[in-house]
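To keep things simple, chains are lettered A, B, C and D as they appear, and every chain counts its residues starting from 1.
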Amino acid sequence: MREEFQFWHTVIVRWGDMDAQAHVNNARYFTFFESARIAFFDSVDLRLHNHDSNEGPALVTTTANFRKQVHYPATLEIGVRLTRIGNRSISLAMAAFSEGTNDIVADATSVNAWVDYDKNQSADLPDWLREVLTRHIRLQD
Amino acid sequence: MREEFQFWHTVIVRWGDMDAQAHVNNARYFTFFESARIAFFDSVDLRLHNHDSNEGPALVTTTANFRKQVHYPATLEIGVRLTRIGNRSISLAMAAFSEGTNDIVADATSVNAWVDYDKNQSADLPDWLREVLTRHIRLQD
Amino acid sequence: MREEFQFWHTVIVRWGDMDAQAHVNNARYFTFFESARIAFFDSVDLRLHNHDSNEGPALVTTTANFRKQVHYPATLEIGVRLTRIGNRSISLAMAAFSEGTNDIVADATSVNAWVDYDKNQSADLPDWLREVLTRHIRLQD
Amino acid sequence: MREEFQFWHTVIVRWGDMDAQAHVNNARYFTFFESARIAFFDSVDLRLHNHDSNEGPALVTTTANFRKQVHYPATLEIGVRLTRIGNRSISLAMAAFSEGTNDIVADATSVNAWVDYDKNQSADLPDWLREVLTRHIRLQD
């Protein structure tokens, strides 16, 4: 299961991530997955390449399944897998594992559109990004 | 579109709900939808009935689509629709509208399992809840 | 006590504002006070005047006292009082009351420096702001 | 400066900790200091000793000074110093350093009352806690 993921990001659960049910709140997992997604984008130098651009990713849809409760203290290892390179979007699958185990506490999918922030509309993925993402997928085969 | 929803909950966006892109952060919408879901459950007196019970709802899956950016200051009206009463789960559809408009800024679905918190496993929906939810759906027809 | 405050801002407590002790988390009060502070600044048209400026307020210190626990559902009314107009700073006192009561659940003070964001250093309060704040204080006498 | 602190806790800044000004939000520092405080309390086995007790710490006041802006990505090292063991309270001083530097980005103080949660009123610090805290201070001399 862990083998399915190409990129990993570690999240240390904070006491304040828990809600009134004394477990990590559902909305907080989306913050964790956001952290992993941004770290993945950074791993392909997205921010570096994108520094002078007015284009970038914008989250359009995301889903999560909550499998096990998590209580502070805990460390989660989030695996990220690129599942689709669209003309104007990037799809990811992610899973949060309890540190050092094969226990998935939550998994998620996300679709990021590529957006021209000035025009506030979708745009074609730039060539450099398509290339680096394709190479990323190939490395994993 | 607004007619599809049976229950409404208002969320006042806080300045602190915005992220570094100066719009409301994706994870925050899940907090908004959580607020609406809990208000809906309260509208059928779930907490009242459930006061001495060790059973209750637990979110197992949720999805959101982000349609428009929201910036502070803003007020959102979240419509809630009961979409399925399962043997051991309750499914909802929700949509967040800009106040006083038909503009949906984000929509979501959620499935809550009915859980025995002590045993940490799913349980049948109690009769009183099934009855009140069924009546809820009937009222809308 | 309520008479001491010139400006009011209402905060609706969200279920998600509670922590694992099932009361509103201490850090969340600072978000509430931030909301009140920004609403106060907006009440003197700070953002409007400041639209093309590279200067603005930056929080340099804040203190809060937690007097009573707050549980969802709750509505808080936050009173804001301007306590000092410095050469390069604005000091506020704030108190969060349970809606419709004289019960203070938490109070706070804050100092905002006036900052040149480009130079990342403090700057003199602009004349228009000093004038509008002074008028604000006078109105209250 | 670092020598003044007896206990250390590391916080990894999340992208989502930033606000619309694209720096770490003020309220989030209180979450970071809360993390450090809880880790400190755990270091003297507070939760372990306290497992069957209805008493424990409750934050009554806290102050923070914001010295430097922090942007994602960043790691903060928070030093904790016990400043006072009262009859019914524990006072701490904390400072958040940029990882591996002597740069303090924010510092804070806090007072936790010792509280009988059932009666919702303050109580004397238990002997075991006074003893372990006193030993803690002595170790540092």
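Just so it is clear, a contact is a pair of C-beta atoms (placed from the backbone, for glycine too) under 8 Å apart; a residue touches a chain by one contact, two chains touch by 3 or more.
All of these numbers come straight from a predicted model, not from anything done at the bench.
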| item | value |
| --- | --- |
| Chains in simultaneous contact with subunit B and subunit D | A, C |
| Chain pair with the higher count of C-beta pairs in contact (C-D, A-D) | C-D |
| Chain whose average C-alpha position is farthest from subunit D's own | B |
| Subunit A and subunit D, separation of their C-alpha mean positions in angstrom | 31 |
| Whole-Å gap separating subunit C and subunit D, where each centre is the average of the chain's CA atoms | 24 |
| Residue numbers of subunit A (touch at least two other chains) | 15-16, 25, 27, 31, 34 |
| In the complex, subunit A residues that touch subunit C | 15-16, 18-20, 22, 25, 27, 72 |
| Sites on subunit B touched by subunit A in the complex | 25-28, 30-31, 34, 58-66, 69, 120 |
| Contacting residues of subunit C [partner subunit B, same complex] | 11-12, 14-16, 31, 34-35, 38, 42, 73 |
